[in-house]
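Shared between the two complexes below is chain A, which has chain B as its partner in the first and chain C in the second.
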Partner chain A sequence: MASHGVPRTAAAAVRSEEARQKELHQIEAYKELVELVNTKIAERQYTLEVLASVTTLLNQNPEYYTIWNHRRRILGALMQTPATKGEGSGGEDLLLDDLQLTFSLLRKYPKCYWIWNHRNWILRTAEKSTDLDRAHHLWSGELQLVGKMLQADSRNFHAWDYRRFVVAQLERLDSSRISASEQVDPTVVKWLESEFEYTTKMIKTNLSNFSAWHNRGRIIPLLLSRQGADDRTRRHLLDEELKLISTAINTDPFDQSIWYYHQYLMSTISPGCPQHRRIALDLTNHDRQKYYEHEMEYINEILEDETDCKWIYEGLLDLAASYLEVDGGTKAFTTRDMRSWLEQLERLDPLRCGRWRDLRQKLNI
Partner chain B sequence: MPTELRLHVDQHVRYIQSLDTRKGELEYWLTEHLRLNGLYWGLTALHLLGHGDALPRHEVLDFVFSCMHDNGGFGAAPGHDAHMLYTVSAVQILATLDAFDELEARVSGGRQEIGQYIAALQDLETGTFAGDEWGETDTRFLYGAFNALSLMGLLHMVDVDKAVAHVQRCANFDGGYGTSPGAESHSGQIFTCLGALTIAGRLDGVDQDKLGAWLSERQLKNGGLNGRPEKKEDVCYSWWVMSSLAMLNKLHWIDGTKLATFILQCQDPELGGLADRPGDMVDVFHTVFGIAGLSLLKYPGLEEVDPV
Partner chain C sequence: METLDKTKWDVVIVGTGLQQSLLALALSRSGKKILHIDENKYYGGAEAALALQEAEEWAQHVDTGSATFSNAAVTTPELSQSGSGQSLASARAYSIEFSPQLLYARSSLLQYLVSSKVYRQLEFLAVGSFWVYSKDTSDAGDASSPSTAEQSSRLGQLLKVPSGREDVFQDQVLDFKAKRALMKFLRFIAEYEEHTEEWEEHKENPFSVFLTEKFRVPAALQAPLLALTLSPSGTAETSTTYALPRVARHLRSIGVFGPGFGAVQAKWGGMSEVVQVACRSCAVGGGVYVLGKGLSNPGVSASEDSDMVTLRLKDGETISTKWVVEEGNEVSSGPSQLCRSITVVSSPLAQLLPPLAEEAPSPASAVVVFPSGSLPLRPEDAKEHGAELPPVHILVFSSDTGECPAGQSILYASTSLPGDRGFQLLSMAVDALLSSVKESPSPAALWSLRYEHGSDSSDDTVSQPPNHVLRFARPSLDLAFDDSALDRVKDVWQRIVGAGTDEFLVFEDREPVGDEDE
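Showing the complex of A and B:
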């Protein structure tokens, strides 16, 4: 009912009588299975046998959310009753089976909300009936799963969301271990540090991966504040990030993701940036001017080889506006420069001509 | 508007009417969990096409009421569990068909019951909403709650300020919004967050220029819109992106004619319906969002759609 990327010709091909009969049989079998599961659940037969039918059904249709609810009803009941002889499935074994099931389903349906949800529920439920070390082991195993999912599709936002959630759980477990008196805890910082490294790795594999850039920008202020970083460390990190992005811009100035991360870094410098999102905390307007001047300088240099890249002109205009905001005047550029950048945007990017018209009015140039 | 292409209204109407006659296809049974959404999408598309009466009103309402649970929530189809997503579709259908009186006639105090079901899903600590009793939270559910409650005049049943604060925590540096605080900006989530803020009358905290710029960059050379930077175009984003631009009064920040051409190219001109991209298989989801996109672009002959 919402299909993506399925060619029309293949799907609309006329079916032979044989194929039609086969499909009718499949429908019958499927409806019987649905009927069976719903009947047993209505009778509250929360047994291993019904659980197996539920597994079969979910393998055929993982989008059938009610069946996932039924599965949790069954699991909840089975975990209450002590394992009977012969069946031998303790509560945790059942949950481990579900980790397997959801893993194989996620490989096939990586964007299905219900599977991700169920996995989340399994982990939270398993944690309740186990000790801290075991819980830690379970949650850190999730990082490997997410790693695999992101290897298959590095932009999957379900996987990124889940990754952030898993890291938050690991931090929670770790901080419950330390005494309240400790101010800075190295083990808790450790997760954010390794997540920061992970984004470096993902970006190096593919500069266009904005999901990785996004997560990097989210982590940096958190990490610095957790570390209790001093002004020097903060400035150093800001400078390192600016170096990284300038190399990226030089590599491929046509990539949007890179420019968005550049915008992000500039937003942390802006006087309007809320404290908790800043990288450097001690910037004066003079510092800001220096940063803006430096960015404009090297971006202007790229312009010598790339006159048809609209992102360059947009970047320069943004920087000019920021520069004016911190009373830099027009030492680094002239109004005529701004006018010509805007003209280039109008020339190179007619799709958004309405936006450039509004911008011209706003800048009053 | 493009001149070489046209909207195949009759084919689309017939396509939507045919959706409930496909019981010989396995796909029909495998998508039962979307039945109530599908009905809402089909009905909305028909309304926009000016054929609101092409589905039998009485049968539609019978089906909607057959999905209602005692707790005031609705499932996707009879026998399916109640969930926010379907409850919202049900309320939207009742509003489209002007059928709240029929609701009261069949379930006395029905509106209030639905309102209570939705209100109980708000997390009073964070202000966000869960989809159902199992607890998944997402800005999609928050928007759904606001939409349904405002259609019933019951927005006062929830803590609007807390929900607004939650949406504001989902804002990113690029002006966009994600599924939860810290999540990457995504066109679908931007629509839900802006929609919720618009319903609450709280667009004041939105970085409108930045967000408008980000949204306008979703348009690609072929005219289509994508959902995030460096992703492919898809008809369904015509709706998420454009309705968001409309809420910001910046529809003119993209090229409407080029987008309309792209949407029209996604039609199946013979059997009706629209697909995600030209030449792909059609479905009712892309059909309604493509047509709603054209309506926002003021395509001639279509009813006007409310961006929220």
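Showing the complex of A and C:
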């Protein structure tokens, strides 16, 4: 097991003179290395030797992004020089080595933009000089890596972003095997479906996974459109998602990620939602009214057990506002209801009193 | 081996139970001359694990020997009865424990195993789901598809206990109101120490009353929450003060080592394996180990040297030592007596050990609780004990624990109801558990052992031990390891090593080891 919850004994607070000297030497050595690399690059010495220096430097400081740029220059140059022995796979070996290097760096620095970026470059470059199968293999490997990173930290947004990118590449490669004339691309749908499943898995592991909910919201309209889903299928998905989120809200009304997704779903129902972002395409204002009423009903019930959760009052007010947009009358609730929810917000979140004042005006209560 | 007669020691430790062995570990770098003896031919004392043959022999001799165990009997159903087609493997393929225990993630024992570096010799496995038996649980019955069965919180008459928010979220049985009540309680328990005003008035009330009045927890959910306390007492006798810290410990431990589980156990015999590792360390540090040697009674007498004490061993040998450490008769805490049974079952009982969470380790065990009143009561019981019999706890160990061969599993059952009636209750529980697991062929018992553990603490002339003799109170019979054992070990260790700068159970590696990364 990696961690045992054991507090590591803190390093001695008092640094001996020896330690200080050692550190000063390290700083000197680092500065010399930077000097060296920059000089060599300026002289355009794109050799294996300089590459090794760059590696040492990046291992010490992967955030120094200019050095990554230098590295790519060196690699580019090296790959162009004819291989000294064997087939021209020397280039790919160099790239594969870099995949190894960045892999171990990623484990230490999972949130460093430049490492993710470099891997991206490696794979795109490797793809240019190899066949479709090999390319697919490389990108699949990448997806596995991202999966592992997300396992280690399911809320690392770098990883989520990169995941979307990698999936897009795999989609692209898969599609290129299929005739472009097909309306409904089964491989793309397959990818979107499996990514959708992946977000379900992540949410079940941790409801507070903002990135997973976000990704889910991005996938849904795409999936529906690629599937060529009909109105019934769309409506069914919408209802299923609403059911899911209502279970989540009922389980933990204090969690913000859950409310975020609820807002997203409400936004797809709203009449102002752009066509390409809608889930159900055939909603009438009457339908919308029914949805808003249903939401308000179960959220109101939660107030029986939880009176101090500000998200509930905010949620109710948002729904009330939406309801008013699609219906003149206020059959589902009264102005007095809205005032009392607002008062609760003012009580529970006094720091945002300005915002609640604004809301009061906007809602005309 | 040469005789021990007339030898001189710094410390003689009597018995290789867990406490004594941890002391031996603590002293393993002290440079003291240590003799560690045990009258049994095996290590571990009451925390030992034995092969089937050894267990059978032990059962035969139990009433003549120890004060700790009594009333033992082995049953081997005839082959024809167990239509499972399975039979017992060789006796050495089993390693059954006398006192199986769960080790919660934040237990100080784990921290000490790490700081003393012996953790490397141990492999820990995850303890999985907790289940509660209820005769009211309507049978999920229908042939559910495998995927829903996986996530199902129901298995025959057993209900899985939700162990956190995500479990509550996925549960198909609880309605919204029940989920909310449960979550409200979970939020409370996370910081219950800071909200004493919420439970102060209910301190001595039964926990179930507190749950109903304060959180409106529906009756159906009370048994699962009580189950998390692992209380040996009936529902009416389990107080809020007792229950709260235990439920908190359970819930706060979940996720510490990985998603979905909060307790672990050592592979290859649980605490008996910890004993082995601890004694081995002491031996490496120069300690001398002799099995099959006991103290005669009375064993301790004064010696001419006022710094030392003379010990008389059962074979007549006399040794002298500065310190004697032994286990006394005083019970430390928890129940003083349990009826136990150990059953080898012809099935891996995989349905009781569903995967815990995405990317979590496979659980190697499960806990099944039969709350008070859940097993059919006979009219005689109702008159004697009021309505309540104590609960039964069954620890289900898969072959992953190394304690039985693949394809089989072990049920460790215990209850605080004494005597034959306790054994009957255990038997009913085991039967109920096996019938809840619907498999074909039906799981059957291949071998079983039952015994009583602990003694009536009625005879408690806790005499003051003579000088130079340090006594451990008997370890708790709690199903979860009780950290106070470590406090006792530390106290004794401190007496022996005196004042100094050494830290308890903190060692450097004896040899440089490779990178800490795994």
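Operating definition for what follows: the second predicted complex is superposed on the first by the 344 of 365 C-alpha atoms of A that agree within 3 Å, B and C clash if a C-alpha of one lies under 4 Å from a C-alpha of the other, contacts with A are read in each partner's own complex, and residues count from 1 in each chain.
Definition applied: a contact is a pair of C-beta atoms (placed from the backbone, for glycine too) under 8 Å apart; a residue touches a chain by one contact, two chains touch by 3 or more.
Predicted, not measured: the structure shown is a model, and the values here were computed from it.
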Which of chain B and chain C A:204 touches, first, second, both or neither: second
Which superposed partner A:248 touches (first chain B, second chain C, both, neither): second
Partner chain(s) touched by A:164 [first = chain B, second = chain C, both, neither]: first
Which superposed partner A:31 touches (first chain B, second chain C, both, neither): first
Chain B versus chain C as contact partner of A:320, first or second or both or neither: neither
Partner, of chain C and chain B, that touches more residues belonging to chain A: B
Common interface residues of chain A - those touching chain B in one complex and chain C in the other: 1-6
Chain A residues touching chain C - in the complex, by the definition given at the top: 1-6, 151, 201-202, 204-207, 247-248, 250-252, 254, 298, 301-302, 305-306
Touching residues on chain A, where the partner in the complex is chain B: 1-9, 11-12, 20, 23-24, 26-27, 30-31, 34, 38, 60-61, 63-66, 69, 72, 113, 117, 120-121, 155, 157, 160-161, 164, 208-211, 214-215, 217-218, 255-257, 260, 263-264, 267-268, 277, 350-355, 358
Contact set on chain C toward chain A in their complex: 105-106, 110-111, 114-115, 119, 124, 165-166, 168-170, 176-177, 179-181, 183-184, 187, 256-259, 357-359, 518
Contact set on chain B toward chain A in their complex: 23-27, 29-34, 37-38, 75-76, 79-81, 83, 132, 134, 136, 172-174, 178-180, 182-186, 212-213, 216-217, 219, 221, 228-231, 234, 236, 250, 252-255, 258, 268, 271, 275-277, 279-286
